[in-house]
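To keep things simple, chains are lettered A, B, C, D and E as they appear, and every chain counts its residues starting from 1.
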Amino acid sequence: MDSALIPEGVKRCSFGKFILWIIIVGAVLLWGVVAMLLCWFKGLNQTNMNDAYGFAMWIWADLAVIALGGGAFFTGLLRYVIGKDELKNIINYAVLIGFICYSSALLILAIDIGQPLRGWFIFWHANVHSMLTEVAFCLSCYFAVLTIEYIPLILENRQIDKVPFFHNLSHNMHGIMVIFAATGAFLSFFHQGSLGGTPAVLYGRPFAFREGVLIWPWTFFLFTWSAAACGPCFTILVTWITEKITRKKLVRQNVIMLLAKIAGWMLATYTVAKIIDTWYWATVTAPASGFNFMDFYSNNPLYGPWILVLEIVVCGVIPSLILITKTGRKSSFLLISAVLLAVLGACVNRWVMVLQVMAVPVLTFESWFMYFPSWQEIATTILPVAYGIILIMISYRYLPIFPQEQELEEEKNASIFV
Amino acid sequence: MKVCRRSFLSLVIGGAAGTTLSPLPWKLMDDSSIWTQMWPWTPVPEDGEVSYVNTVCSLCPGGCGLTVRKINERAIKIEGMKAYPVNDGGVCLLGLSGLQLLYGPTRVKTPLKRVGARGEGRWEKISWEDAISEVVKKLADLRAKGLSHTVGCISDSDRGTVAHLLGRFLTVYGSPNFIRTPSMQDSYEQTMHLMHGVQASAGFDVENADFILSFGSGLIDGWGSPVRMFKVNSALKGKGKLVQVEPRLSNTAAKSDKWIPIKPGTEAALALGLAHVIIKESLYNRDFVNNYSFGFNDWTDDRGRSHKGFKKLVLDEYGPDDVAEITGISDSTIIALARSFARASKPLAVCGRGQGNTPGGLSEFMAVHALNALVGNINKKGGVWAVPDPDYIRWPEVEMDINAAKGMQANRIDGAGGKTYPDSRYLLNRFPEAVNSGKEYPMKALFVVGANPVYTIPDSKAVKEAFDKIPFVVSFSSYMDETAANADLILPNHVFLERYEDVPMPAGLQKPIVGFSKPVVKPQFNTRHVGDVIIQIAKSFGGVIADAFPWDNYEACLQKTLGNKWNALNKEGFWLDSNFMAKGWKRAFSTPSGKFEFFSRAFAAKNENLFQQFRPVEPEGDEGRFPLILIPYDYMRLASGCIGDPPFAIKTVEDTVLKGDDILVEVNPKSGRGFREGDQAILSTPKGAVKVRVHLFDGIMPGLVAMPRGLGHTAYDEYLADKGINFNELIGPVEDPASGLDAAWGIRAKLTRA
Amino acid sequence: MLPFSFEWLWDISHMLFMGGLWYALTILGLGMTYCIIKAAIDTSKGKGSH
Amino acid sequence: MKEEHKHGKASKFGMVIDLDKCTGCGSCMVACMSENNVPFKKDETNKLDSITWLRIYKLTNGKKFPETDICYIPRPCMQCEGDHGHSPCVSVCPATATDYNHETGIVSQIYTRCFGCRYCMAACPYHARYFNWWDPVWPDGMEKYLSPNVSPRMRGVVEKCSFCFHRYQLAKNKAYAQGRRELKEDEYQTACTQACPAGAITFGDLNNSHHAVYKLVKPDNKHGGRPRNPNAFRLLERLGTNPKVYYLSSREWVRRAGDNYIKDEVKKEHH
Amino acid sequence: MSTLDEKAKEASTEAVDEVETVLPPKEKKQDNGPWGYIILFFIIGFAASLVIGWGIFPKLLYSQKKQPIDFNHVIHVEAVEEGCESCHFFREDGSFSGVPKLVQCVDCHEEVMGEDPNEVKFVEEYVAKGQEVPWLVYSKQPDCVFFSHIAHVKMGKIECDTCHGHIGESTHSRVYEENRFTGYSRDIWGKNIAGLKKNTWDRMKMDDCAECHAENKAVPKTVERLPWPISWMPRPYEKPTSSQVRTQIDKDACFVCHK
């Protein structure tokens, strides 16, 4: 039915099946949209946030998707600026995932603020000293970059490509993509960093506060570093999932290996830096404001030392070791486990830097603040996931996302018939 | 077709480009943000000319001066009146939220007549004329049947012109049943009556005392005139000492120099134990005791019976060991306390539990007052003064017709002033019993003015039952309170910010002062001053009743009554008898002996010796079934009197007192074993069982459960109703054997899992 | 925020920060404009027709 | 000459609360709420969504009966100055909706500029900032008591104590009418100070050695206003927020409750 | 592809005829397929949206309201002694009275004095009934704005017309235009929809306050330190220096004007 739109030389499932899945995921999306509208029209009382939890699940989701979307900027940097050419076979998907992550982040921000209609004040009345201003600026600019990177992909749709203007446009955009990618990398570096700075500049919150260099607290660099490490891992993970679902090999293993290796070394170095940071914070920064390191991990039902072990050892050291060793990467199981752990590690780190910051009591006469999100919060957080799945489904079906798909498919068929 | 599509796309792009270059999107973006700043559903307060009006607060017996800020015709803020003798600029949170009472949804906006069943909440609006004629018809009917004495009136005060108008009306109408709501004032008045032989209030010169010994009085929890007591407490810092004797770490205890936890109900024993030490160590004021007191040594009464003197009594029976046993306070503490009290230059002992809204046992008041006498701190700087009511209401004597005279000869329904309790003036705590049992006579009609007995009187169930038995209940409440909700007719009074009224004598003040409430704003609703309504009712009767009310209206009455003080009051807001001095010891006492009486001879003539009879008032209930004791506590953020807390006040209540609609009761972790903080529980007493939550608090004596007063309203608005539990539902009155007043201080209870 | 706004301060933070923002936006804007115009020219030259 | 120099010097308004006198009665809270048009809801027992610019905390010394002690700490906005001249909340606000006024030392909050990101709330360790989770609704007729000097806030913005800044402005207006520019100490007092029945709150200019607040705490203005009175302390002094709200207490445990100390750490005395 | 285009072209011959004159030469059109239409529709869209944005939109955005009474300032200014302040005066507490209340008007207009039908209406409908006139205030700022008249007029010696224009010279009340969306007076944004102004009183937005404050008291020190003294750039502001009487210009003083 829609065969004219499907890229040449590849096979896709029947249109009916496709629509059925769109409807199923769409239902989840709709649930999220209802929750979103409730939040917009009735206000943030629809959430379980409160004056102690001004930042909660959404900000965590925001930080997490941005970190995971970091695959786009880092792969782009490697592909266009540094010139790792093999990565051209995965860059499209990385861009798509990045686009989904960043558009989701912007959407979540638009729901999260109390006065969405005044959201533009952040640009027009900007306070340049605020980390959040930097985040908003770079986030929206980088989203523009991702859009620019995504547009040529759309233009490569079989029917659209037939239009000479669009064909030329796509061609030209590819031509100067290196400029866009470089700008994107620059923007991304800063906003990933400012996200790291967001909690770390809160000198009234000893759990979050970090010292640093000039205006940048250490977590500024840690966040950028971890996004560069975990973002590609997320790209690998999503590619693997897509391959499993489509039951096809979409990207050659050598591409995956290269990305995994780079990500592995990034993760390893990040983990070392994170350990040093934690050590310094636990022994110097926090005690200076009267806190014992263990004060942050005891007397509460959730945040125990386990969370630190999970983040640094289980989701840092272990996946690093797997990814930097050739044997580790070679084993499909270990590889996927490692990228999964790395992704989880980024999420846990963002969780800790947002929610545990809120939970720790600072005044001596207060106790731990606990919070559980309302269904509206959960629904609006799942909303981007559903939206991402739908966008991936449509893009995979109609756009030549995976340049190697056709040849891999032919090879596979050949191997079967030979 | 393709052209169409492309052209359309082109049109759209052109349109977008043009729109971007027009003011439309930018102006709309700007305006939409301005719209969020000016949402039509967010009120914009009107600006205008600022003015200030002074008045006096009558929400509690404190009588503070207020300055109300107005914008045009709106009252927008209440502040304390600077230089007002009671509060000098300070003001409590209830007074501060007065505007919420003025403009609040709980106001009764017009006279209402009950349509459905009692308390069902169905009302019919009626005109003032109809309402008044209905009252008059009913009263005239009763009077004609010779039942005038079955009409009663419950009022929050018996002072000032409004109370006098009510009393005067009942007198000419022919009923002795004017009843004042109970408070520690009753016990103190009786103490003054028996020990000083005078009809007076107790005034405390706390400003000049340097050692205040409080037997459970919530000096900074709303006792007396609250703001004044706060000021005193602050002034005392560094200059004097405050010792708080109380089973629970109240705010007063926490702010005191020493908190002495005591088994509840044994305060009188402690007072006598202190007396023991003072006498034994000869620390008492010889001049006063030897020359101006009676009953210190053994004595013989008119009938020749010999009595133990105060000295012998306490030396024999209240040695520190005995008292330590009774009170749970160590003997060394008792001795040390007695010494520091007696050695202070101006020691002062006070009592009246919490905010003093319950009278308490007379023996306790007399024992504590005896301590003041021992140190000679009576009618002296820094001591207790007997303060007579300001004497400015001098209306001609009423002329009674036969009906009235006959009605007035009937016994009071509450038994006050009768055979059993000859020295008591009002015993509202006995009223429910009297009505329910019908022993004396059935009550046929009841007026309630400035009081909310259905809520404030212990054993709410019995009170409600009594009200149900009275066929005609008229409430003059400005608010839809519990009593109004259970009335047949509501004749809403102006609230204090809308009316003229004299407010005599703030509680516990040592100087006679009359405060002056005046209207700050015009009446907001179709309400009438209760004084006006009484005058109108009286006038409708005609004859002697009308003759007793020669004034056109209340304002005229007040102006006439105040005479040359009117102008000064209007200007200053208060009238103070600055020359007033308590009478010296020589002339102070009008007892049979002419001296301060440790033992009242008048009383002894009728009763057995009080102190020999001293027994702690036992709480109701069986210890086996109810292992704990429930005590109430008062604190400033909850009004426990007839005024329901406005939203602002409720907002300040901590979440360890009220959580959602659940009340939290304080329990020591030792007694609350098995409960975690915030757990639900069933609290039961012999009077009933309620659902509560547990607040584990180390500041309360093990074995006790403490519950705040002032919650559990069922009427009023949604900001107050159904929050928590009314303590009075869980306790019943315990009659003091000497005075008949309610001496209950707690009740046996148990706490079980919910 | 533009330097025309009274909230603008001529200090290093504003110049660097806002400068960076406008710089990035300019690059993106110019880049896209270039691509579109060049595509239009290319198309008019008949390039890209299949 | 000296007088002239003082004229026009920036003020630093501060508050001193004597915890020995404070009775926890709640007058300050209500005075504040009624002065500043603070709304209320049907249920205000969830203190985490209940707007009270000035909140009274109840502290206990944690000891068992009968050694237990309690103390109340009224907590308005601390009007932090910060170590580096920036308050924790001001520097983080992305839209300049809150700022530090150098003329008065007060941290402002502009409701109509705020777009509700709540970053400032995350930054404030005192929980002095409140978010309007709900539309403010007054029961019919009660909006009559609203003061025109303070705008009612709309849903979705953050609000906090302003040291009754509007009173400063009204006092200034009055002074202008009399041809003066300077204010006397008693001309500008916050609503809570004025209402406190215990006289526990003192308010004035910490830069002016004639003012009572200065005499009470003797701030060391060279070191962020650290109090020199040994009974005076500030909340979370060690974080370097430099609050302008000081507390006085004669009880050691209360003073110690003002800050965090590592176990067995002896309180460092600064002299 | 080209066949499709031609079909479409045939279908819309009429449209082509109509606009042929403004189109590029025919041969070019034939060469380049549909470009002519594309440009044409672009221009149509562009022009139409400009007309809507600049012309129709402002008309729709504002509703027009008439003052309850047509007020003649000239007559009143002549009749009083102290100019504007005779009726728009300062109260003792320094607050500004704004539009006069009935009480002030009644001083003269207890009864009808002249023959103006507006005065008759005023006396009959308002004075007699004791009802305040619901004047529409042109310069009414949103509720969040705090403005101290006395600081500007008494201390700053600024003339009324600097902000309010020569309203004292008006003989009639002009139409009051209300923004349908935000509910406040058009005078704040200004008559000019682009927000441009010629006179100081043409607009009353925050930027206009800021402009005046900057002009009057900014201390242009920073500018000298900067390498680019660009004349069109607004003058920068400095932190307050100690003892001078200065106009409020700090960025750190939002709540001086906002409540």
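Throughout what follows, a residue touches a chain if its C-beta (ideal position, glycine included) is under 8 Å from a C-beta of that chain, and two chains touch if they have at least 3 such contacts.
Just so you know, these numbers come straight off a predicted model, no measurement behind them.
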Relative to chain E, the most remote chain by C-alpha centroid is chain B
The pair out of A-B and B-E sharing more C-beta contacts is B-E
In terms of mean CA position, the chain most removed from chain D is C
Centroid check, CA-based, most central chain -> D
Taking each chain's centre as the mean of its CA atoms, chain A sits from chain D at a distance in Å of 40
Between the Cα centroids of chain C and chain D the separation in whole angstrom comes to 46
Separation of the C-alpha centres, chain C versus chain E, in whole Å, is 32
The distance between the C-alpha centres of chain B and chain C, rounded to whole Å, is 74
Where chain D touches two or more other chains at once, the residues are 46, 96-97, 111-113, 135, 151, 154-156
Multi-chain contacts in chain E, i.e. residues touching at least two other chains, fall at 1, 91, 93, 95, 142-144, 251
Residues of chain C that touch at least two other chains are 5, 7
Every touching pair of chains is listed here as A-B, A-C, A-D, B-D, B-E, C-E, D-E
Chain B residues touching chain D in their complex are 36-37, 39, 41-48, 71, 74-80, 87, 89-93, 96-97, 99-100, 102-105, 220, 226-227, 230-231, 233-234, 237, 249, 251, 254-255, 259, 261, 524, 636-637, 647-656, 658-661, 668, 670, 697-702, 717-719
In the complex, chain B touches chain E at residues 1-4, 6-8, 10-19, 21-24, 27-28, 31-32, 34-35, 37-38, 40, 44-45, 47, 49-50
Given the complex, residues on chain E that touch chain B span 1, 4-5, 7-9, 11-12, 34, 37-50, 52-54, 57-58, 61, 91, 93, 95, 97-98, 142-144, 179, 181-184, 189, 193-195
Chain E contacts chain D in the complex at 90-95, 142-144, 146, 148, 150-151, 154-155, 239-240, 242-245, 250-256, 258-259
Given the complex, residues on chain E that touch chain C span 32, 35, 206-207, 210-211, 213-214, 222-223, 226, 233-234, 236-237, 251
